[in-house]
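Have a look at the structure below before the remarks.
When the chains are written out, they are named A, B, C, D, E and F in that same order, and each has its own residue count from 1.
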Amino acid sequence: MSKHIYVINPNSLTVVTAAIDQALVPMRFPGGPQIHCVTLAEGPAGIQTQRDVDAVTAPLCIQIARSERDAEERGGTASVFVIACFSDPGLYSARESTRQPVLGIAECGVLTAMTLGQKFGVVSILPASIGRHWRYFAAMGVTARLAGDIAIGLNVAELADQPRTFARLCAAGEQLRDEQGADVLVLGCAGMAAHRAALADHLGMPVVDPTQAAVAMALGQAALR
Amino acid sequence: MSKHIYVINPNSLTVVTAAIDQALVPMRFPGGPQIHCVTLAEGPAGIQTQRDVDAVTAPLCIQIARSERDAEERGGTASVFVIACFSDPGLYSARESTRQPVLGIAECGVLTAMTLGQKFGVVSILPASIGRHWRYFAAMGVTARLAGDIAIGLNVAELADQPRTFARLCAAGEQLRDEQGADVLVLGCAGMAAHRAALADHLGMPVVDPTQAAVAMALGQAALR
Amino acid sequence: MSKHIYVINPNSLTVVTAAIDQALVPMRFPGGPQIHCVTLAEGPAGIQTQRDVDAVTAPLCIQIARSERDAEERGGTASVFVIACFSDPGLYSARESTRQPVLGIAECGVLTAMTLGQKFGVVSILPASIGRHWRYFAAMGVTARLAGDIAIGLNVAELADQPRTFARLCAAGEQLRDEQGADVLVLGCAGMAAHRAALADHLGMPVVDPTQAAVAMALGQAALR
Amino acid sequence: MSKHIYVINPNSLTVVTAAIDQALVPMRFPGGPQIHCVTLAEGPAGIQTQRDVDAVTAPLCIQIARSERDAEERGGTASVFVIACFSDPGLYSARESTRQPVLGIAECGVLTAMTLGQKFGVVSILPASIGRHWRYFAAMGVTARLAGDIAIGLNVAELADQPRTFARLCAAGEQLRDEQGADVLVLGCAGMAAHRAALADHLGMPVVDPTQAAVAMALGQAALR
Amino acid sequence: MSKHIYVINPNSLTVVTAAIDQALVPMRFPGGPQIHCVTLAEGPAGIQTQRDVDAVTAPLCIQIARSERDAEERGGTASVFVIACFSDPGLYSARESTRQPVLGIAECGVLTAMTLGQKFGVVSILPASIGRHWRYFAAMGVTARLAGDIAIGLNVAELADQPRTFARLCAAGEQLRDEQGADVLVLGCAGMAAHRAALADHLGMPVVDPTQAAVAMALGQAALR
Amino acid sequence: MSKHIYVINPNSLTVVTAAIDQALVPMRFPGGPQIHCVTLAEGPAGIQTQRDVDAVTAPLCIQIARSERDAEERGGTASVFVIACFSDPGLYSARESTRQPVLGIAECGVLTAMTLGQKFGVVSILPASIGRHWRYFAAMGVTARLAGDIAIGLNVAELADQPRTFARLCAAGEQLRDEQGADVLVLGCAGMAAHRAALADHLGMPVVDPTQAAVAMALGQAALR
């Protein structure tokens, strides 16, 4: 019976879903779990406020049910769900709504960074998310390992300007590395994977794309079910 | 210009709102801010799961706007909002949606308990809320002061059986006091204020009703606006 | 039976008591608890060292007994005591000496700030108090929420130069906000309430006067007794 | 160029290596990284004391170099190393000795458990390891999530008595779940994977085999190199 | 110039001072610093409440000045002061009043225990001190290492009944060891040194007398001045 | 029966051992425990990497046994062992290998600093040790008291250039004091004691030589055996 991992982009931007899909190419193995990247059509154009975060919970749970049926129609089971937004919106609601594991990319990105360095820095998109992230890291119990969290001041739409985005990522990464003691970085958004390798080269330290981190952990969960 | 505090019960049970209203009688002073207890008609019959928590955010923000208009119609201003559910649902979304302070009863109940004892115990209604509470206390950064959190195993509807509820509260309070080191208790639900004084007498230690605690802090915020 | 809140200024400066009294005007409601601001005649001219802190304990406990008799003479009860010095001198001794709640303005100021922002900054008067504050915040278990504590380098007497004091408060507040991540401020002294509103306007973030915060919480305690 | 993950059992017991190898069968995908389980011939018969832990560092670094050559001979690269002992012996020395990522099974087991439950319990083999584990979890900064750590009192050799081992695992797991609040378990030894599924069924909560958790994270690291 | 360490017993019981003096016999070396045990005549008959703690500050600072003169009269200098009460009363005031180091026995007892075991237990005399100790350990930043704190329910005078005291110490120590995970014990009172060795034998784990621990650290400070 | 404290320098540089020996002159009292400084001939020329740390464990345990025999030949007992390297290499292995107390200079230096100031700064020799130190301080549970850790960028051999070393120590100490809030310093290497007093004078705050701190605590342990 085939195994299926559903990576749900909770915003409605198919271009973000396509970028996520591209980032997961190296994690698709013949004979391994199938990885499906899904756009939450009911989601907002970008999850930037707490209201955006709270608002996607209900459609997200519906999407999980849809994906479970999709897996059945494919003759398999939905093994693991991944919520591909760095605010991990609806994570605990989703866990109530299915018996399968549900992983958030923020938690997996941070936990993976903890194997690659001593202090992790986070590069976020907007300043308003810093406080929300801190509360989440505190709820996870991992603030002792946090070096800092810096916003590059670009919203989801503005990330499309690739050179500007990369320049801002470099500047934020340098500040986290040189002034705040980070020796590993986590990208604080699902849509920045394309910059990961170049940013790691530029900074000379590991950079974690949280969606890739979550899907790796999902592969492990799927393998055991 | 008159000042108005809106205490919003985010579940749809008017009997709970009435109980909250009754609990706030001692905090209404002639010439002081007016305290309005409001039922969120769109809310569920009880907020017991994370999905319940997330689902009330949107109607809650609408209710806040409605209350702001209500205050204007009364010739005053909505000075402070209190969300009267121990999961503090929609707290950060509400804060985005108004310029007035918004207080959660869980945060205020816990912070008030920290002035009355060294280690606070929480008496919750259902076991499923324990993990959610812990994450919230951790996000608040106050777990060092937490003695324990014990569920009495009754849902919002079952709380109506007063003698059984009181007996369970006493048992949980004794366990928190004698085995887990609590010297102050927080009622982990908006609908248990009627038991507060008797429980404090029974246990010989302070018991905090979180809604009363939040409204006291709201009085202070209102006074300064 | 009338209810009485006693706000005890543990230094002997009546000008400070008068300023506190002025700051509490908005919290006096007809029919509400009566709020009495009392000068500890035996106190020093300013509480600036640890020896000052320890030395006021004994007279403070005597003052509490005097205030209890005063309330009786007024035909009521002393419902709550507030110690109006940011070092919370004698707080635990006072709690041993009366059955009524005793609140410290430092603890109440910090706890109230925790409802208004993610990270609180403290503006203190003298550098020597920084370490003492840190130990107290650690004993409270709230250092995870502390952004920083900066002294303006003026003693209690020097605070009387209002323009200089305000300029220093602004500079310290800006540094806490811009360099240390504070999004809410606590005034680290009982005698700076007159600057609160202007400082909040200047900084664009909430500023908590700790005495006002404590009296709000005292109103809640008094209401329930 | 083929990718190779080397899972090094730092004790000399080939039966343990074989058990690890068996546990990793579901994580081998055609076209995915090749997973090699290697016995450290120079290792002790079981890593039970701190001296055992420290003593394997030097041969472990030599083994890493040997494995790097082995990968070259296979026409590929050693992408990730996994140290398959729950004391994560030599982890930081190994990281100094190679440019590839090195993962410890204890860290990966714990981090993975943090996505599956609120509080993780650890089932260890010998009492002497409890203090060592605690120091390690504290160094990781994750003790806030630790429910407890219970030793079943069997050394590596004694684990071979499967029914007894399983009975002890069940008893320890029940105690962690019922008395210490664990809602997810981590097996505190590389050689207990065969009991994982049955123990999870028995306890009704997730059980993490740390080697499987580490190899999942290794797959993610390998995919990106 | 001779060096002098002053160990000040802040209660007025000369029998306690004599017991402390006896406990320090092994730490007096010919040619080493002279160790003087001094009774604070103005102190209470036992330091059991917070008011007792605060009340000794003023006479303690006077005693420090007296001891400094005493050392001069002996042709030497007062090198280090030790406050021999487990509440470390007046510690920070004393540090303000002299340029010499001042050590508290509670801090030194706990810090020394941290070199002898993973989790320290404290055996206190009265239940009222538990909360006070916790705040102090939190202010020190060492609660992560605290296993528990159990009161034997005897006041300073009652400690004189040696067999009963020893029996209670054994019972509390066993509970700390077996139920709360302590592997090293700190005696939570200056007057229990006579039981130290026997209690350590009985429990099979190290027991720290805090005055001995403080005087050892004082020897180190004295040597360098 | 004579008492002997063995201070083991785990690197092979006899010049370092001689410097340690010199630093301990003030702690040798006629009639007190004899203090022997021993070079670990099998050690590396400097302990700078984690591999260096792990590699000295085995010879260190052998040296402990040798020292125990040495004490017997002198007609006494080895009372306490001190490992004189700021990485505390082999500390827990050494504790397994002898029934006598074993102290690490890093732990004792930090614990002693906690009696002399509120926030301790550490001056390390090489940047690579910063992360290792942090993990160790976290495992000790004392990071709440850590102000910062700055490397002066000199290896053990380069420390011999005294003026350069002192200049770097001053610069690092100033940065820790002025920018990171340290009010006490710990020398993060066994070979810098000669600079202690001058550095304390220069900075105007206490500076702890960790070997002196450890030997003071060892004197206390030895006295009681």
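In this section, contacts are C-beta pairs under 8 Å (C-beta built on N, C-alpha and C of every residue); 3 or more make two chains touch, one makes a residue touch a chain.
Keep in mind that this is a model prediction, so the values were computed, not measured.
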Discussion item. According to the touch definition, list the chains common to the neighbour sets of chain C and chain D.
Written reply: A, B, E, F
Worksheet item: Do chain E and chain F face each other with the same patch, meaning over half of the contact numbers show up on both, or with different patches?
Response: same
Fill in: More contacts between chains, A-D or A-C
A-D
Discussion item. Suppose each chain is reduced to the average of its Cα coordinates; what separation in Å results between chain D and chain E?
Written reply: 44
Response to the item:
Separation of the C-alpha centres, chain D versus chain F, in whole Å, is 33
Worksheet item: For chain C, which residues are shared contacts with two or more other chains?
Response: 135, 138, 140-141, 144
Practice prompt. Report the topology of the inter-chain touch graph, choosing from line, ring, star, complete and other.
Written response: other
Discussion item. For this structure, enumerate the chain pairs that meet the touch criterion.
Written reply: A-B, A-C, A-D, A-F, B-C, B-D, B-E, C-E, C-F, D-E, D-F, E-F
Discussion item. With touch defined as at the start, can you tell me which chain B residues reach chain C in the complex?
Written reply: 26-27, 29-32, 101, 103-104, 107-108, 111-112, 114-116, 140-145, 196-197, 212-213, 215-217, 219-221, 223-224
Practice prompt. Using the touch definition up top, name the residues of chain E that touch chain B in the complex.
Written response: 131, 134-135, 138, 143
Worksheet item: Which residues of chain E touch chain D in the complex?
Response: 118-119, 144, 183
Worksheet entry | Residues on chain B engaged by chain A in the complex (per definition of touch) | 49-51, 53-55, 57-58, 61, 90, 92-93, 95-97, 132, 135-136, 138-141
